[in-house]
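Have a look at the structure that comes next, please.
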Amino acid sequence: MKRFGNIGWSPIAVLLLFFMVWEGLASLFEIPAWLLPAPTAIFKEAFTNYQLFLPDVGSTVMLAASGLLLGASIGFIIATVLHLVPPLRMALYPFLIISQNVPIIVLAPLLVIWFGFGYLPKLIIITLVCFFPITIALLDGFRNAPRELVHYMKMSGATSFQLFSKVQFPNALPPLFSGLKISATYSVMGAVISEWLGAEKGIGVFMTLSSSAFRTDRVFIAIFIIVILSMLLYSLITLLEKTVIKWAREGDQ
Amino acid sequence: MKRFGNIGWSPIAVLLLFFMVWEGLASLFEIPAWLLPAPTAIFKEAFTNYQLFLPDVGSTVMLAASGLLLGASIGFIIATVLHLVPPLRMALYPFLIISQNVPIIVLAPLLVIWFGFGYLPKLIIITLVCFFPITIALLDGFRNAPRELVHYMKMSGATSFQLFSKVQFPNALPPLFSGLKISATYSVMGAVISEWLGAEKGIGVFMTLSSSAFRTDRVFIAIFIIVILSMLLYSLITLLEKTVIKWAREGDQ
Amino acid sequence: KEPGTAESLKKVKIVLDWAPNTNHTGIYVAKEKGYFKKHGLDVDIILPGEAGADQLVASGKSEFGVSYQESITQARIQGVPLVSVAAVIQHNTSGFASPKAKNITSPKDFEGKTYGGWGSPVEKAVLSLLMKQENADVDKVKIVNMGDSDFFTAVKRDIDFAWIYYAWTGIEAELRNEPINMVYLTDHSEKLDYYTPVIATNEKMIKNDPETVEAFVAAVSEGYQFAIKNPSESADILLKAVPDLDSELVKKSQEWLAPKYQDDAKRWGEQKLEIWENYSQWMFENGLLEKELEAEKAFTNEFLPE
Amino acid sequence: MEAKIRLENITHSFKETGLVLNGISLHVNDGEFVSIIGPSGSGKSTIFQTIGGLLKPEGGDIFLEGRRINGETGNISYMPQQASLLPWRTVLNNVLLAQELAGRTDESEVRTWLAKVGLSGYENAYPHQLSGGMKQRVAFIRALLSPQPIMLLDEPFSALDEFTRFDMQKWLLAIWEEKRKSVLFITHNIEEALFLSDRIVLLSPRPAKVIKEFKVPLNRPRTDRLLLDDSFLQLKREIYGAMKEGETHESH
Amino acid sequence: MEAKIRLENITHSFKETGLVLNGISLHVNDGEFVSIIGPSGSGKSTIFQTIGGLLKPEGGDIFLEGRRINGETGNISYMPQQASLLPWRTVLNNVLLAQELAGRTDESEVRTWLAKVGLSGYENAYPHQLSGGMKQRVAFIRALLSPQPIMLLDEPFSALDEFTRFDMQKWLLAIWEEKRKSVLFITHNIEEALFLSDRIVLLSPRPAKVIKEFKVPLNRPRTDRLLLDDSFLQLKREIYGAMKEGETHESH
């Protein structure tokens, strides 16, 4: 616990260092601002014109958070069903792969045509992005339950579902959190991409507009926001992990 | 083992069913071919004009495979370093998140300026896509080594590196394979995206050109190829998993 | 029909081809100035993102869209029922740009240089057409696929010249004080003076709801006419609607583009059969089209106001 | 009367290690306490896994009150050789687990028993915070409080000191007598087997066969004075001798 | 002469369960065999973890030949109470593990010993294919073949039948005498402690203190005839009595 007080600052220190090096390089090599603006320029722009993108942030946060939640739930459901019904697992795994390999440029028009320009097609895209790491991590976690616990449960007359809910599921919690961390990291970017499906506002819109207007500094503001949101989500998952998994971690003493 | 003989066919049966439903819906609702061509049309086009995209396939396969390999190696190295040097872990994790949240549209120009239009910037993009799931899965796998084994090793005088190589690393093999499966699924799409950075050939090029020429059937050929390649890579990883992890799987009897 | 009240307004959508820019000014003006309302329409302007404007228009998900003659030509060959109802800019303002220092002022200077494109066979055909007229050899141009990279990035590295729209990227170069040379397509070949961009709708709309098309085109036409007369005010309207845009770029671009909307045509939006035929003919001859375009079906002037 | 549980000529082999059970026949009558003694690695735990339905015997049949139950689970309460506590459950919840499986839980009963076996104060501890013997006691009462009428105990007291072990034996006998359970008990301790059982079954080294059976004609309730009783010592020597004899012992 | 290993007034407590070691002082001389006996959950395994350097004692010091080694690992060869075999290694490679840590491996020696403890044919089996007692034997020879001069054995034979156990004891004594190791041995079996040790240390229930020490003045080599020897029986009764007395036993 004490560690925290000290090491909690180190990422911030390293980030500061990173910005300083960046700033230094930018001015040393006279990198043009339209290519890679200096951090100070970016921050200045962010503070003076924050009203430009503030409404966008809220919309993207909503999208990312609800998409992650939905993606996680669906990822969990799919993993559970595929685990409990083994024939389905073999039969449906091609569709898992397909779901990750249909490019947005093909999917987007179809989604819009079927579901319009509203919230739903965007949610579908983020969900598609987020569910997959969770499903894969869970499927393997379910399978890797310690042998002696599985044996004990079966001998004691546990049904498949009891075996699942009392052993395989809790055993898959650590990989579940790995999967959630991966998905959380992708979710904000997924939201941004989904906004390219024709949104009124959102960081994705802000970014494409800025990019097409050659406002690289604003594009970087968008990136900073995306990164910060992702880190927040990631930290949230880590925090959740710490409260849920109280039993297994070595080196917590 | 016998199971295989039977169930190995079920994904193919389900895929066939899927195509049949698709074909049926396409002709029932008279979905125009430029929006969603019927599978038969796609296959016909693929068989008659295969010389159009055959060279592209080779180039994308090379890109995806080398990117996955490089991504996996780098993912492994990063996870190992972060695990063995705990202060680094806290300090550098923001950069892990950043690496997944810099959109291609920003990254692409920078990569092009620094590395030109050759192979290298593309490899960097696929690597960025592939390393992350592996790093996260490994980091958690390293940490979750069974307590009693870690205790035994420490008591017996194992150095940190011995503890790592003999316990934490083998213990992380199952999550490593989960991560690899996720990355393998992304790698082909990563290669396709990287080809939008300017490539002479490749499925990505074939797809954008087909798309801009409204050849939706060819776009779907591209998707089929991407999906098939991903499934091959995924199966390869699963096969590798079966040969490497011989000790832990329940339900293999 | 009672114009003016919110309930009676007919809701329609227009999908842009790209991020909002000065090509779209007339549309934003028509919305802001109430021209749409006047014609009984309530118009949503939609950014396309990845969702491919043309498919959305063709499928009827959006009634109107911004497209290009090249696209509509290829689309119609594949049976996509798109129809151009107005040319936004009368003449092609695109061309091959290069930093001044490279000294590329005419197609023959392309020899020995590197061209950055997006890998389409059209590009080589266009280069070849231009260069042949000056007895230059297109095979001496190195064609590199630069993917999604923009002009400024590309010319910093390996690339000598690329294909741009002057009204946007060219103006941006002026603003950056990076002088460029332009080789305009229209200066070297009439066949390449195609309409880009255009306002498009689908065949069903024309058949089933010609009134709406007419109302829409009329309002947009008024919008562009306003922009032609008041470039600076209409630039402000665009900026107000899309505040994320760079104001300097928009203003300067608007100024440059205002006279080009209508140019030498007798009214804004007018399209000529000959231009549609010429271009598609050229494409067909160069093996870029599988069959010949029925040019008269690809566009119509019938909705343009007198 | 039909035996509570009867194994008839059970054979089983593992793919990797070959034949383990070589025609095992044994039975436990209703309310009977039977111990199994046999060399390490002979196949005792495998017999339990067969009865519990985890393994389907290759040959032979298992009957529960005359009904064939090959491969059927849920008929027994079981204490495995390794404690097999769920690491994510507290001690209390680990004991409740077996009751949950059987569909009715009684937390206050569990708390009472945790106190009886010396674990009061540890209800909310996680398994990794327990000593080896404490884990064993948790697994023991988990089995003890399961409602099934047949109990399979696999070396339940191997990690306990003599006094704690004696307490546990006492509780086991109390429950057994009160609830009229049938018990099958694996141990390496001949005295323990004699002290607890009605009958003792002696196994050969792997592949296991039953080489001898002993009736234990000692009166109940049995007390520790028995340990010095002549007939007790006599029986002990007899079993010891039989083991030595039956032992073409694998470690030689 | 300086003791090989000496604990001076060691105290330790766990955050969740409180004080466990309450001022433990004990020592093992060079080449001496010392057993620890104490109730389940008293703190025996915790003492081992302290000596092995896994836990840093809160109070007190540990000396190796006079050098303070609080929290220092690598000085001992160790057999934990749970076998703790690596599931991804075969039996052979699990035994080699301890040698790998010490930097020199001798595969033929390992194979010889695997055969001696009755595990020939299982060299390439994985731990999950072994019986409980077989796992324990693997862990035992893993410790036995480690080169460190001090050996900590935590209930090494609890899962073995009497004959196998006796064999193991024999091998242990052989190695101990041949290599002049110092052994600290945890057991619940008084006879075993008497049979093997030079000295026996008796612990109280938790929090553990040393309540008594017994010298075992029996001649070596010791054989099974000893079990009926008078002085042996006398010592056994004495220890039993001391245990009973020291036991404000936690399960009451």
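We call the chains A, B, C, D and E, going by the order they appear; numbering starts again at 1 in every chain.
Criterion: contacts are C-beta pairs under 8 Å (C-beta built on N, C-alpha and C of every residue); 3 or more make two chains touch, one makes a residue touch a chain.
To keep track of the chains, here are their UniProt names: A, B = ABC transporter permease; D, E = ABC transporter ATP-binding protein.
The model shown is predicted, which means the values in this text are computed figures rather than measured ones.
Between the interfaces B-C and A-D, more contacting C-beta pairs are found at B-C. Look at the CA centroids: the one farthest from the centroid of subunit E belongs to C. Once the centre of each chain is set as its mean CA position, subunit C and subunit E turn out to be 85 Å apart. Centre-to-centre separation between subunit B (ABC transporter permease) and subunit E, using Cα means, comes to 50 Å.
In subunit A (ABC transporter permease), the residues that touch at least two other chains are 35, 105, 109, 113, 147, 208, 211, 248.
Touching of two or more other chains is recorded for residues 82, 128 of subunit D.
Each of the following residues of subunit C touches two or more other chains: 52, 55, 59, 150, 153, 156.
Touching subunit C in their complex are the following residues of subunit A (ABC transporter permease): 34-35, 52, 104-105, 108-109, 111-113, 116-117, 193, 195-199, 204-206, 208-215, 218. By the touch rule above, subunit A (ABC transporter permease) contacts subunit D in their complex via residues 148-149, 151-158, 162, 166-167, 170-171, 173, 245-248. Only residues 7-8, 10-11, 13-15, 18, 35-36, 87, 90-98, 100-103, 105-106, 109-110, 113, 132-133, 136-137, 139-141, 143-145, 147, 150, 174-175, 177-178, 181-182, 185-186, 188-189, 192, 207-208, 211, 219-220, 223, 226-227, 230-231, 234, 248-251 of subunit B (ABC transporter permease) touch subunit A (ABC transporter permease) when the two sit together in their complex.
Contact residues of subunit E toward subunit D in the complex are 14, 16-17, 37-41, 44-45, 81-82, 116-118, 122, 125, 129-134, 137, 154-155, 158-165, 167, 188, 190, 240, 243-244, 247, 249-252. Residues 52, 54-55, 58-59, 71, 74-75, 77-80, 116, 118-121, 144-150, 153-154, 156-158 of subunit C touch subunit B (ABC transporter permease) in their complex.
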